[in-house]
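What follows is a group of structures, each given as structure tokens.
Two complexes follow with chain A in common, the first pairing it with chain B and the second with chain C.
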Partner chain A sequence: MTEKKRETPLLDELEKGPWPSFVTEIKKSADKGNASSEDLLGVLERSYREKIGHWKHGGIVGVMGYGGGVIGRYNDLPDDFPGVAHFHTIRVNQPPGWFYTSDAIRKVCDIWEKYGSGLTNFHGSTGDLVLLGCRTEVLEDVFKELTDIGFDLGGSGSDVRTPSCCCGKARCEWACYDSMQVCYDVTMNFQDELHRPAFPYKWKFKFAGCPNDCVASIARSDMAVIGTWRDDIQVDQAAVADYAGSLDIAKDVTRRCPTRCMGWDGSTLSIDNENCVKCMHCINAMPKALSPGKDRGAAILVGGKAPIIGGALLSALFVPFINIDEDVEDLYELCEEMWDIWGEHGKNRERIGEFIQRVGLGNFLEQIGLDPIPEMVIHPRTNPYIFFELDEEEDE
Partner chain B sequence: MSVDMSKRKTDIGPPHHEQFLPPVIKANYGKWKYHENPKPGVLVHVGETGDKLYSVRAATPRLVSIETLRLYADLADEFCDGYMRWTSRNNVEFLLTEEKNIEPLIGKLKAAGYPVGGTGASITNIVHTQGWVHCHSSASDASGVVKAVMDELFPRFENMDLPAKLRIAFACCLNMCGAVHCSDIAILAVHRHAPVVDHANLNSQCEIPNVVASCPTGAIRPATVDGNQSVEVIDDQCMYCANCFSVCPAMTLNDPDTDGISIWVGGKLSQARHVPMFSKLAIPYVPNNPPRWPEVVDAVKNLVEVYAKNARKFERMGEWIERIGWPKFFDLTGIEFTKYHLDDFTHAGESYNRSLHVRQR
Partner chain C sequence: MSAKVEDVADAMFEMVKEYHGKKNLKALDLTKAMIKKFGDDECDKKLCKAAIRSLMDTGRTTYSYVGGSYIVLPPDK
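Here is the complex of A and B:
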């Protein structure tokens, strides 16, 4: 045990109240004698007093042969808090769907007890299992022991970031494709791109089994693969009638349909499936009665990102339907085509969504060999400044 | 280094999920029929054959010690053969087949400080970033704000009495590792002045052309200052995005006196009913006030309560505001509408009202 007398009056305020406390977590680790956790309490208390962080820019740290997976972090008060002088984060590629056994969890804990702060994030924002805080000299040992129990590092920097997915077919009747398996396959296919940054900037994949998008793919990934279907919603009319007792079906279901393609006459639910846009509201409201159709697959959207730097973007529809369980190779090809042109012409720190807006969607599609279709836009252009390509028209 | 480099493995990828799935999931993979939410924090999924899987969802602080992970492992062993998972919003879920184990598990989780809830029309865990625990560019702590806000909103976690689900996210700077930009309520820490340039060290730490190119508004240009090759910043052109700091540590944004928090509303991600929407600015700035950020807590609580009172069933925050109009939103919440609410970046014009569709006041 450390001899230091711990004084954290401000942090102690965050142990009050019903919500689980991160301060309690850090103390649990410090009470076990972890010097990093003890000094983390110290420096964090100081941040709370001074209203400023005490972490320096990363610097390049990592494991041999990888360019990503470790976020270097140093404290700016190493003399006061030597236990966190180095406090590097290790991103560990999580299992798809974030499923674990107690045995796997314990093995990870044992490694982190031996080498690190004893603190983790379950999970990081991108989806990784995050091991929070260790010294440079233990990185290779941690990596070796992680690979011995079957785990590898995730992405960081300008590479394929760790893909993530919803729990899909493992625990959801709405999964329109096997989001966990596709996520796993894509992760394995792009191991080189994941571990060795070579892009203009980061590239995130997220795989959601249905349009409810439980992994926020449309907002948080450069390529969002979202499950959908093409045929009719499956309806169990008897089960619909059962809902009528607890739900105002006309008011809360059919009149909330965005295309008003549903009707309820008090005994039968009718759906004009040609006009259904697969929004999921009616299915969410009556899960025992309705389910997605049987002709299931996924849509591919491209270019989502947070504001840095040209402003936030949602991903835009590129492929309205693909049988992704069978045709995942098509996704690989699409990625390679996009990475080629983005890698060649993208500016430093320019995400693909920004790149597409800069060069124009029409030009970009032409380069990657995808035909423009009306599903890609809310409406056609309203300005008349068209770049006519007379030479090419004559060639046709 | 003790590692024998010749025996080192690389590029093995993540463990395949199949080894972590309980038998009931393997048997029903892709064959689930429907699910129900019998009580807050408990889901039951029913397979085509009638098999049942019970998921018990508990809150975590996301930053968890290995002591707590081992506790979860022990509970999983005791009640569900060691099978568990985490949600995309950092809750832990225990995967049970025995219905009789649900209440004892909930009891032990609660006793250990990890309450059960966060399903259905509730407020679940707040997606958040690292803040002062680990980040170099944070304008606030993250975990502390989240803890203070969730303590206040706790009844909304343990109950399902909102018009619809309400998703809150927190990011400690506008890099947005928490990607808060499509949340019902987004809490976003912000810097509010131009970077302070460390002229003595800039040229040795950074590539000047990179620093200049990193600025989206062209506010940075090369300059010689006190004999040092460095850069100067046109303050009026800086929007504090910190992109320059990301490429160059000599451009400091962090400032205890002016950093603080902004609050945004009305974003959503799912396709249900309405297409996905960005969050929009509600409150440009409230001060950083650790350890419990009372101004932030009050502001978020007010938004939740006004929404809960006024929105209709199934209406998310953004759908409700769209129905009543933004003027009414500002009336009902008592939030002041200011110059800061008017966009002046790339797509600013898209948010101007170029119609007469207003409700006269």
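Here is the complex of A and C:
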């Protein structure tokens, strides 16, 4: 039985209001004669009516040689909605910082209108350019045409997911390292890990140029590389004085400093940089007067994740400072060490942050050969008992 | 290392065939099994990675996603 087309009273509600509507976009695609978009409207209306999702995902779907990049999606009502019986998602590795020429976007869209639904996500929450909806038999053709214009598939499954980064030095004055270059280098260095899944579960890299962390790397990635600096915040006292005319510096800046390391006497701003935790609040509040120090690099944090399986985790600091523009090889080595131990002992679908919680940070650090430092302490110990090795006492 | 990529790939392929329909194998399951089979002086993770790539590029095996990523026989085999 085929549903009568375009009776979509529930979807139509989502077109009301001043904001853009995904329903309107799907209808536009359907109006061009795209059968999958037409059936997508039908199945979605039915899902809203029945309050049941009609999608399932997974299985053996992909392109030759790759284990990631395509997420198989099928409809459980193929007889009613044959246009979306297969509706696979293709993740395309986005350029660092999401910079495209309009010509590149036109070419991608032309390919997608030729083979798929014509519907896209710019961009998915993974960071990838996401192409929504095609059949299994066109995957190789889409892949070939995408590679012909210089694009590659991104990650999916238990692999390195497509690394993503902020716009970095291309467009931001706070970037403490070249996040786009490092993102590109890491992507190229870990091509095998990106395309051939070999981990217990997914691994996400995100690169943020400064502690504002515009890509939310600390909460959404297994390895967050966040720009920082080691010396003093640069202060232009004359510009601070200019701000004093329009901004209550004591109320809105110094009293909001999380470590109260700033002072304002009405004419001069003082900063106890030893106690600055690089929160960026003062720099964001007075961008013309303050800027990060000159000795810039990045901190590496590990173990963050969003709550899909289990709860959300924030990353823990592993490396307080690295000159990553020059020492990116050190990041590769750290990854290899962590992947070895996680691959060996991690459970299926266990993210590295969960693995570290299970085995203990101390044990994990010992296994990967990283010395513990005070900056790694997330909170005061809750267990009053202290265990130590006898040989440590003898050494002392 | 003296084991050849092709030998390790063949051994992996036999293992995937043997377990087909019984247990899904991850890349790491195959890697551990090969290091045990050939010995760690003959075979390491890098060699196993090359063998898996060979299996995938020749189409003898493929990846499936069932909650995690597994190495399986292609549907037509």
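Rule of thumb we're sticking to: the second predicted complex is superposed on the first by the 369 of 396 C-alpha atoms of A that agree within 3 Å, B and C clash if a C-alpha of one lies under 4 Å from a C-alpha of the other, contacts with A are read in each partner's own complex, and residues count from 1 in each chain.
Keep in mind that, in the parts below, contacts are C-beta pairs under 8 Å (C-beta built on N, C-alpha and C of every residue); 3 or more make two chains touch, one makes a residue touch a chain.
Bear in mind that the values here come from a model prediction, so they are computed numbers and not experimental data.
In the superposition on chain A, A:E326 makes contact with neither chain B nor chain C. Contacts of A:D159 after superposition: chain C is touched, whereas chain B is not reached. Look at A:F122: by the touch rule set out above, it reaches chain B but stays clear of chain C.
By the touch criterion defined above, A:D272 lies against neither chain B nor chain C after alignment on the C-alpha atoms of chain A.
Of the two partner chains placed by the overlay, neither chain B nor chain C lies in contact with A:E7. Taking chain B and chain C in turn and counting the residues of chain A each one touches, the greater count comes from B. Contacts of A:G343 after superposition on the shared chain: chain C is touched, whereas chain B is not. In the superposition on chain A, contact is made by A:A198 with chain C only, not with chain B. When both complexes are overlaid on chain A, the residue A:M64 reaches chain B and chain C alike. Using the contact criterion defined above for the overlaid structures, shared-chain residue A:S29 touches chain B, although it does not reach chain C. Shared contact residues on chain A (touching chain B in one structure, chain C in the other): 57-58, 64-66, 192, 348-349. Chain contact summary for the complex, chain C toward chain A: residues 26-28, 31, 45, 49, 52-53, 56-57, 59, 62-69, 72, 74-75.
Here chain A touches chain C in the complex through residues 57-62, 64-68, 71-72, 156-159, 192, 196-201, 340, 343-344, 348-349, going by the rule given at the top. Chain A contributes residues 10-11, 13-14, 16-26, 28-29, 32, 37, 40, 44, 47-48, 50-58, 64-66, 73, 87, 89, 93-106, 108-109, 112-113, 118-123, 125, 127, 132-133, 137, 140-141, 143-144, 147-148, 150-152, 164, 166-167, 169-173, 175, 178, 180, 184, 187-188, 191-192, 195, 211-216, 218-220, 252, 256-258, 277-281, 284-285, 287-288, 291, 306-312, 314, 347-349 to its touches with chain B in the complex. Here chain B touches chain A in the complex through residues 1-3, 5, 8-17, 19-21, 25, 29-30, 32-36, 45, 53, 55, 59-70, 72-74, 76-77, 82-88, 90, 92, 95, 113-115, 127, 129-138, 141, 143-144, 147-148, 150-151, 154, 157, 174-179, 181-182, 210, 213-214, 216, 241, 243, 246-247, 249, 254-257, 259, 269-274, 276, 278, 288, 290-292, 313-314, 345-347, going by the rule given at the top.
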